[in-house]
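First chain A sits with chain B, and in the next complex the same chain sits with chain C.
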Partner chain A sequence: MSAATQDLGTVTRFRRFLVSDHVAGWAFILPSVVLIVIFGILPIVWGLILSFQKAGLISPEREWVGFENYARIASDPKARQAAINTIYYTMLFVPISILLALFVAHALNRKIALIRFYRLAVFIPVVTSTIATGIMFLWLFDKNFGLANWLLGKIGLGPFGFFEDPNQAMIALVLMTVWGWLGFDTIIYLAALQGVPNELVEAASIDGASRWTTFWRVTWPMLGPATLLLVVWSTISALQLFDEVFFVTHGGPLGRTSVVVFYVYRLAFEQGLGSLSLAGYAAAIAYVLFLVILILTLAQFWLGRRVVHYSS
Partner chain B sequence: MSSITAPAPTLDEPIDLTHLEGETGMVERPRRRLLPFDPWHLFLAPLAFVMLLPLVWMVVTSLQTKAQTLHFPPILWPGTPQFVNYLDVIRDSAFGTWFWNTTVVTVLVVASNLVLCTLAAYGFARIRFLGRGFIYFVLLATLMVPLQVVLIPTFLIVKQLGLLDHLGALVVPNLVNVFGIFMLTQFFRTLPIDLEEAARIDGASRLSILLRIVVPLSLPALATLAVIQFLWTWNDFLWPLVTILTNQDAFTLQLGLATFQGAHQTQWHLVAAANIMSMIPLIVLFLLAQRYFVRGIATQGLKG
Partner chain C sequence: MKARLLIVLAVIGLLVPACTGGSDESSPTDETASGPVTLTMWHGYTDAEADWFNGAIDEWNAQNPDIQIDPLFVNNDKALQKLTVALQGGEPPDITYQFGSSLPQLAGAPGLMDLTAWTQQPDVGWDDFIPGATQAATFEGKVIGVPALIDNLAIVYNKTLFGQAGLDFPSDQWTWDDLRAAAKALTDPATKQFGFSYPMDASEDSVWHYDPLLWQNGGSILNEDETQAAFNSPEGVEALQVLTSMAVDDQSVYLDIQNSNYTDIFNSGKIGMLMTGPWDLPSFPDVDYGVEILPGFDGDHQSIAGPDVWSVFDNGGGRAQAALTFLQWLTAPEQVKTEDLATAHLPIRLSVAQDQSFLDEFAKALPGVDVFAQNLENVEQARPVLAAYPQISEAMGLAIVSALLGEKDPQAALDEAAAQTNDALALGG
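Then we have the complex of A and B:
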């Protein structure tokens, strides 16, 4: 075997490799993978490292402090208040939004006059931004000139302080976010309801089941996967509430709406931009929240597996 | 004629379906009609009222004078609509700049996502290559990580790249979205592979197969991805808030709107006009492409 043929062999093998599926596959995914590594995976690792450091956002010095940031969370009253506020919000938002969406989807799942209009009215908040929604509700819930106080006054209620009252601000936030999310949840339930076979419902009614029984014994079990998805999804987004709080209440009044992600933001970006070194502490809180979300999500799926009925 | 026409129902004598239809009547339970319309209207009409009230009230407010907005009880109709409020907002604020910035960022992000997600999804769905399963799993795993965990380090990376206070900070990290790759990969896998194999035997390249066969079959999925990505980018607030610090020329609509509201606390007529203008593009898009929004949510469960 001469050197020339050996070279030729290498060249053809290289050529074959070039046109092989390995190169083709990587060529297709490479641009996306590079971007996701830089802006998706690197930050996850860096965030973990930050949480063990004493670090600011502007100042370059980084000091390794081990678990000090994590230990600090336990003795931080503001962190505890943020946790309590977040749990309070989540426990109100998740059941209210899901039960309401279930009922609304059931109501919208019929062919009657104006149904397209009703659906549009429920869906439209899906496309309104948090800021737009915030402005609308700040105005609607204005203590002095708001339409809500006037309408409620007509039926003998109020006047309410809404976002300005420490005891009502969180409830007002729940009402506002339920308005914003109802369309999203309803679309999911509506799609699931339309997947329930008509024969099943008819069979139940032939057997003499009442509408109520038919719904809870036939339709509701078929909605299990949609309900599980919504419970998991709503819990995750409720625990991460930020935009609404930042814009509408800024954590107030008296810190009663300061939720975890808002506290993380304040630590890192409002207090940390100067010489104070709080970005590391903020990263630690963010990671703890991530861990809580992860555990809750896994628990919900585990519970769901045992309760939810998957057809097919 | 009159002998075969059923007697018109009256309120005193409701029709009993079981008697009219004999055996098949058992399927439909007889229902007494107390109302001349479906009783669900009694729930749906007030619901629609409550859902539309914030929007309608914002439109009404945007057409009032300042004195009218600061009146209690509220004035429900402004008399002569003050369209001048909209002109005042455009003249007194950088609304045009915010609108332009948001449009540029959104168009770039949507276009880049369509291209990059399509390429990557085709690779994952149709080509067997070394590391495919592993890479796909790692990408999906990043979806589990919430934004606030990566917020600080991503900020630091963008700062290292010198993009802070620049529109690039809003575009570059969002050029590709794992959700889009995931969604399109799932969709491509449902397409019949026969056509692609035939084209491959005829010597067509992978890229031309993707462009000539796969993409034309995937237009509904691509439209869904486009509207959802549009919604996310147009409405994003937290990321612009963090990365556009002082440069007002790089403000987006949401950022501009938030500062405008803060600076005009008692001028609700102007805030309302600005707010309505910021919402118009998405509401129009929603009315035109409602089924893609609905499909995007119903099949993937997506909201920003």
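Then we have the complex of A and C:
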């Protein structure tokens, strides 16, 4: 065999490799892979390293302290308060937003006039910026001049302090975020409802099932995958709540709405920039939150696999 | 949730210096630029302030082809956060506007210029700056900023509401009890009208409105060698009790949880008196207002100053030296006069503050601003310039807010804050 034919063989193999699905596939996803590595993987690794250091973000000094940052979390009353606030928020936000979305999706799953308009109206808050939502709710829920108190006053209730009252601020925040995210949950449920085969519902009613029984025995199990998705997704979002707190309450009043991610931000970017060097500690808290979310999500999926019915 | 990208970007900033290393020696260099340089300058000026600022820069750029200034707007409230990211990227601006309270955090930043030697040059006129401003620019004996702006707190009141209630206008002899009585008389729950307003976001804003009362009453924030909290003294508790009585017993205070609504509400004629600075005056076009110095305890009417600074970063190539040449021009009495007349900023130069013909013209520019200018004389003390100050401020802010909400009594609230302050001092120094 001559050298020329051998070369030709290499070239053909190379050309075949180039046109294979393998390369084309990687070429297509390369841009997103690069972005995910730069904006996702690298910061995750860097955050882990930071969590073992005593470091402020402004000064270049980094001191290795091992697990000291992690050990400190247990004895930090503000971290405990942030954790309690976050759990409180999540336990309110997740069930309320999902049940309400199920109800609204049911109401929107019918052929009536202007249905497209209603569906659009429900979805609009999702695409509205958090800042705009925040400004609106601040005035709506203003203790003295807000529309909410004025209306409630008409029926003899209130006035409520809402964001100004330490005991009501979190509930006001839940109301605001439920309103903001309801459209997303509703769309998911709406899609799932439309995937429920009509024959099943009809068969059930022919067999004499009441509407409630039909819903509970037929529709609800068919919505299982959607419910699982929403529970997992809402829990993750709720545990990572930040924007609304940052803009609307700034953790107040009296730290009652200071949630974990907001506390991390305050430590790393507001208080610990200089020689207090709290960025490492903040990274440690962020990592604990990450682990909690990971474990919760795995638990939800494990539970989901046992109770959720996937139709083929 | 939507801000996640922002946070990710900030974290990315951390990675860059890890890869590039970068030189972080902050030694002031004497080298001068060999050719023309363009300096990046961050500022937070808007509206009338921006008009003046951009005009001044155009004037400078036209006259100095070798040192061109490129201004970039950065919101003051987030200037420290943005600078943090820029520093991690190894590309700080040549000049940046910063709150005086941010300086202790900034002090360890790589490339930050030590200006102490520069201030000793006679043509800088360092001694002609208002003392409160130069104090705030100095951290642990090193000058790390050039005074940019100084404010103070006084009482701004609605003359119409005082007239309707048949009350005499506030005077420079007022006590806090006088203010409390007037606030009570001006309050009407039926029409949602309040006598007074207080920032309740538990930020430094909640704290520095309380500091003058503390100081007037003979108290202080920390003990003399700045190792222990001192604000929970009987004087401090009495000072907080005044505000608490107004907020809880009289219900005469609009508690502004957002610390932003009060300007609109005052401008709508629903608040009788504000304790605020000159920066708010342009927000009150609809109100016939007057300005008076703060009420006092035992004839002590001292106020508090909020000074901000220009910080300079050494990006090599003679840029830092060029930045200082420009700042010297920008803060010279000539420019300060133009600035103050255009923006109602208070004079940062003593020679300007004491110039009577200037003051006459200044009062015409914005009613009441001359009272603020004279009130600079009532600034006697400064807040501690310490790395732990942000944590002290947070503890005090929460104490003040919980007292004003009636959640805790002033003594208990301040004691708790004092314990947290002592912890922070022991930890961070």
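Heads up, the rule we're going with is that the second predicted complex is superposed on the first by the 276 of 312 C-alpha atoms of A that agree within 3 Å, B and C clash if a C-alpha of one lies under 4 Å from a C-alpha of the other, contacts with A are read in each partner's own complex, and residues count from 1 in each chain.
Convention: contacts are C-beta pairs under 8 Å (C-beta built on N, C-alpha and C of every residue); 3 or more make two chains touch, one makes a residue touch a chain.
Remember, it's a predicted structure, so these values are computed and weren't measured experimentally.
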{"item": "Combined model on chain A where chain B meets chain C, clash or fit", "value": "clash"}
{"item": "First, second, both or neither for A:145, with chain B first and chain C second", "value": "both"}
{"item": "Greater chain A contact set [chain C / chain B]", "value": "B"}
{"item": "First, second, both or neither for A:25, with chain B first and chain C second", "value": "first"}
{"item": "Touched partner set for A:213, first chain B, second chain C, both or neither", "value": "neither"}
{"item": "Partner chain in contact with A:250 - chain B first, chain C second, else both or neither", "value": "second"}
{"item": "Which superposed partner A:35 touches (first chain B, second chain C, both, neither)", "value": "first"}
{"item": "First, second, both or neither for A:240, with chain B first and chain C second", "value": "both"}
{"item": "First (chain B), second (chain C), both or neither touched by A:50", "value": "both"}
{"item": "Touched partner set for A:10, first chain B, second chain C, both or neither", "value": "neither"}
{"item": "Doubly contacted residues of chain A, that is, touched by chain B and again by chain C", "value": "38-40, 42-43, 46-47, 50, 57, 129-130, 138, 142, 144-145, 237, 240, 242-243, 246, 265, 269"}
{"item": "Complex contact set, residues of chain B against chain A", "value": "26-27, 29, 37-38, 40-41, 43-45, 47-48, 50-55, 57-58, 61, 69-74, 116-117, 119-120, 122-124, 127-130, 132, 135, 138-139, 142, 144-157, 159, 172-173, 175-176, 178, 181, 206, 231, 234-235, 237-238, 241-242, 254, 257-258, 261, 268, 271-272, 275, 278-279, 282-283, 285-286, 290, 293-294, 297-299, 301, 303"}
{"item": "Chain A partner contacts - residues on chain C that touch it in the complex", "value": "1-5, 7-12, 14-15, 17-18, 24, 80-81, 83-84, 87-88, 104-110, 192, 200-203, 254-255, 257-258, 261, 265, 387-388, 390-391, 394, 398, 401-402, 405, 407, 427-429"}
{"item": "Of all residues in chain A, those that touch chain C in their complex", "value": "38-40, 42-43, 46-47, 50, 56-61, 129-130, 138, 142, 144-145, 163-164, 166, 237, 240-243, 246, 249-250, 252-255, 265, 269-271, 273-276"}
{"item": "Residue ranges of chain A touching chain B (in the complex, touch as defined)", "value": "21-29, 31-33, 35-36, 38-44, 46-47, 50, 57, 104, 107-108, 110, 112-115, 117-118, 120-133, 135-140, 142, 144-147, 150, 179, 181-182, 184, 187-188, 190-191, 202, 205-206, 229, 233, 236-237, 240, 242-243, 246-247, 261, 264-265, 268-269, 279, 282-283, 286-287, 289-290, 293-294, 297"}
